[in-house]
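Structures are listed in the sections that come next.
The following pair of complexes shares a single chain, subunit A, combined with subunit B in the former and subunit C in the latter.
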Partner chain A sequence: MTEHYWGWLVAIYLFLGGMGAGAFLIAAVIELSGKRYEQEYCPTTLVGAGVSGPLIVIGTVLLIFDLGAGLREPWRIVNMFTNWSSVMTWGIWILSFFIPIAFVYGVLEVMHVYPGILEWLRRWLRFLPETLPYRAIKRVVCSIGILLALGTALYTGVLLSVVQAVPLWSTPILPVLFLISAVSTGMALSLDLSATVMVPETPHRFKRLPVIHIALIGLEIIVLAVFFYISFQKGGEAAESVQLILTGAGSLIFWVMVAGLGLVFPLVLNVYALLRGSHGHVVGILAGAAIVVAGLFVRYLIVAAAIPVTV
Partner chain B sequence: MSQKQKSKGISKWPQWTIIPLGLGFAMLAIVLGLLLESAAVAVTPEHATPTPTMPTIAYSEGISEGCHNCHFTLSALEASADDPSDAAMYLIEADSIATPHGKLGCLACHGGHGEAADKETAHEGLIADMSAQDPENCVICHQDMPNEFPNDRLRLPHGEIIERVMQGEPCDVHCSDCHGGVGHGFDLVSGDKFCSMTVCLDCHVERNLAIQMADCDACHLAPHTEAIPLACNDCHRSTEAWQGVDASVHPVALEGKHAETACFACHQYPNFVGLSDTCSDCHESNHTEWDAEDCAACHDPSDGWVFAASGWEGHAELWDQYKGQHLKVSCNGCHFMGYDLDPSCTTCHQVPTSHDDGRAENDCTVCHQADQPWDANAPEG
Partner chain C sequence: MKALQREMPESPKVGISESEERALSRRTFLKVGVGGGLLVAIAGKWMPFSEAMAQVQSDYALIIDLNKCTGCGACTEACNQRNNLPEGVSYIHRIEKGSELDGGCWCLPVQCQHCQDAPCETVCPASATYHHPSGVVLVNEKTCVGCKYCAIACPYEARVYNEETGVVGKCWLCLDLVLGGGRPACVDACIPGARIFGRRDDPEIAELLNSGRAQPLHPEFGTKPGVVYYIFRENGAHAG
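The block that comes next holds the complex of A and B.
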């Protein structure tokens, strides 16, 4: 599929940024709800807290590579912090706050799981107490982090929706679509995939997991359909972009990887799990992997199908 | 954690390994995505690209050397020109192309063949004014030109022109009409050069554009807003026609208090309508009996409107005693009851009792003249 505007680097950044924010959200919600403390070990919060920061940093580095000028003259990036009329400035500030918060949460979660780390640190940093009120600290960190994670997930969509030269992107529904996809992929990576591989019992701990997945997938289908409908109704380049995705060069990827693998397949699996009354680990892993891969392709298709206003 | 349960099925791997595992899954998904996309492209039949990609302006600095060889030196131009007397018209100052547009290279805007050895080939497909011939090439970069420039208090039709260009509609206003040779050192945006309003107006008149010349607000942002005061000739120096509205020809001399007053304290915003040049349009007269239309007959605005002695020359025709000491008397010294005044001496002067001997029956001027000592002609000497 020909990339007209931005390419894979931006698509991967949007994917990692959204998924990192989503993983943080899932972990933070489990933390704040107290669900984390119902088990001796909660792999979902550990992986969610542990991967959100690194994923977003990797995505941001890719973005700097895409910018080009950011590599040649990195000091110019500083100027982007004060260009208040640009949505990128808002994004940079959100990321600048969220990345440290995500790392702090990750470190706290690891230290909570491994108390020996604090003991080891106390050898060098003698002012540290024998124990830390992890739950109380994480409550504060998660509360702030949830807002920043929502901002990050929304921002990845806002970044595209403000580009008026690309009619396909220029719609307020795009941030909504990216937010839903961020939560969906974040949950799939941390809970369905990683946590279930480590602890196959994980899906059983979340009785309403199939319902949540069905709701998210259903919502994503509706928003995606509305997004395509609105774009098609706009006509011109927006309609041509939609045709490119649905019937053109991107159609195979869309119908097989996004609609089939990322939406219908996990939807069927979760409906099956709901009807069966239990959510097996195989179902979880398969559905999770499908949602993650499809999440990448959703962003890639939307990025690559951009046809700018012709002059 | 009172309800803590012993987890079942926990992997034998250390718990921390779930973090690299999660990162690994994310990276695996990306690798899988890249591979699957390549595979999908390979098996998808070719589709015609719905629309062409954004056209680009070729960066042609490197292949414009041939242009420089001739156009930077007059002698080279004269040698190759059909008419050497016209050669100077095509001379380009080398320094002038050091602008952002100039750095794009001659060919980026003017086409032609910069590497050609002969003049004819070099000028094949030459474009004199890209903004007239291919305005979309300007709009590629300049889609977001603002319509209002608050610092310059100007309103410009950028949006409408760009919209027309983008829609492929005819537009007889070109970027170069205002911005001139942007690649040749003419840079209005820098503020180094002042663009006379004559440039705008001449073009509007020539094209018979609908913008009303009298409607300042059509092009100027709040031209007469008192909060941001401008001197009249900040704007009205621009054209010969507008120079007529100069403070020096103001119907009322702008001196004294008038020179300190804001325009719209007297005039109606924005078109200066509703005001004649009579004092009573603005000032309320305290004089109930006198004509309030000509305050300056008695008052001197250059001296703070202090009450002035009358200098009306008509007095002498109406009254033969308007001379001598009478000239020093202020207007209301006599006209305290209005202009309709009996010129008899007794209107102001009382006849002394010494004249009860019969002299009071005579006209005072028989013996006394205002421009002579009081007793100069007195019978008693």
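The block that comes next holds the complex of A and C.
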């Protein structure tokens, strides 16, 4: 792997940003569609809303460690809001709106699920009402947040795809791949893992989940294949990068962690769940965890296989 | 005439006052400019690089004659000293080219090309990379956050991260020396005299540029390299 300038830290950031945005998207869609209220307790919105803000903050903190000025003169980071022609500046603006929105949504969702929190708060803050119009507020927060979450998931791909000096990255299909991966990792986290871990006694209530997963995995396989094919056809450094991933230094990670663990394994599990007619806990935990882990390795491979153009 | 005017670079702006020198050189500049413009206008059809060159607006040109470069590294050494760079960081890097089969090995010294459409300037989130009025691309070391996006975006790999300062630096053409009438340290240090430096309105430089002998490196990257040009090797070995 080449890892010139950007490596694991950036890959983890891209992964956490994508997964956080994806978890928010899933939760917000379930909230806005009203499915959240079909049952008394919805672990998906609770986990999706609660986790997306913290995940993105962790990613952003990692990114700050990667900055030259991060630990020396962190106040310089405000400069990063200034260049409108830089995709990184767009990203920082999107994040600075999305992170607060994600936290507000998380807090609202947790307070909605656990009304005791508000009661507890009212002991000190007597002006607070007995209850809040959670649903109305969340509707507004989710509607704005969905756009920002889409922006977050897409910009992580655009950040790389505008770099013409790295032929592997400079294709508009990369943001598409990152968006699909963001949605599928976010779904694995907030639907498979959360629901099965947090409500072990009830069978999974999203009967169509395996179908959605199978469709997403299928789509990811197609997009990955097209991405590799386009890059290979470009020749030169793009083709070298593809070779690095498929047959070179990155091949073990790709075939084991991405193709095997992230695509084939959850695909088989979800087909099994579909045939059995129910989405059990074991399937949920295993498939969910596999998709999440593979999401990180996809980002790492694409970041680390960046062979620059020959001068 | 309209076409000619479009081809002619606008009179360059410079931070220091040198109006007398300018008044003298303006006439030569005009002559060469009009002549060059004509040449470019005619030659534009079969000279792929001339168009990109005519669009470049910069005051200076640094021409590296690859027929003379021996790859001794004196330029890198002088640059490292001038900029007080730590071990392992250099603003000029050498790329080994060619092989015994195609006329022997040779060296391509690469530094910041001071692109007019500099990708590093576009991607820099902190606006730390900017153009000096002379066309030289500079880095504000007090603004740079060290995100290294520029280093990734530069197709010439001319941006280098300095672990000690946390800043992604690059060649700044020793602009302090140059504005004071001097030459960049790498030019003075070049033992075989492969580095030719001067103002664009200097007849000698203008002639070299307009003759098409000195060409930008990889104009196909679309960066419009603005200051550094190469006289490529005569045995047909072309960079890239």
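The working rule: the second predicted complex is superposed on the first by the 305 of 311 C-alpha atoms of A that agree within 3 Å, B and C clash if a C-alpha of one lies under 4 Å from a C-alpha of the other, contacts with A are read in each partner's own complex, and residues count from 1 in each chain.
We take it that a residue touches a chain if its C-beta (ideal position, glycine included) is under 8 Å from a C-beta of that chain, and two chains touch if they have at least 3 such contacts.
Everything numeric here is computed off the predicted structure, so don't read it as measured data.
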Check subunit A with both subunit B and subunit C modelled on it and let me know: fit or clash. clash
Could you say whether A:300 touches subunit B, subunit C, both of them, or neither, answering first, second, both or neither? first
State whether A:269 touches subunit B only (first), subunit C only (second), both chains, or neither. neither
Touching A:79 in the superposition: subunit B (first), subunit C (second), both, neither? second
State whether A:38 touches subunit B only (first), subunit C only (second), both chains, or neither. first
Which of the two partners, first being subunit B and second being subunit C, lies in contact with A:165: first, second, both, or neither? both
Is A:92 touching anything from subunit B or subunit C once the two structures are fitted on A? First, second, both or neither. second
Have a look at where A:190 lands relative to subunit B and subunit C in the superposition and call it first, second, both or neither. first
Touch check for A:179: first (subunit B), second (subunit C), both, or neither? neither
Subunit C versus subunit B, contacts on subunit A by residue: B
Considering 27-35, 81-89 or 207-215, which region of subunit B has C-alpha atoms that clash with subunit C after the structures are aligned on chain A? 207-215
Show me the subunit A residues, by the header's touch rule, that subunit B contacts in one structure and subunit C contacts in the other. 4, 165, 308-311
Listed in rising order, the residues of subunit A that touch subunit C in the complex are 4-6, 66-70, 72-73, 76-77, 79-83, 85-89, 92, 162-166, 306, 308-311
Flag every residue of subunit C that touches subunit A in the complex, lowest number first. 95, 108, 110, 119, 122-128, 143-149, 151-157, 161-162, 165-168, 217-218, 221-222, 239-240
Residue positions on subunit B within touch of subunit A in the complex are 1, 3-11, 13, 15-19, 21-23, 25-26, 29-30, 32-34, 36-37, 40-41, 43-44, 47, 49-55, 136, 139-140, 143, 165-166
Considering only the defined contacts, which subunit A positions touch subunit B in the complex? 1-2, 4, 8, 12, 15-16, 19, 23, 37-41, 43, 46-47, 50-51, 54-55, 106, 110, 113-114, 165, 189-190, 193-195, 197-201, 237, 240, 243-244, 248-249, 251-253, 256-257, 289, 292-293, 295-297, 300, 307-311
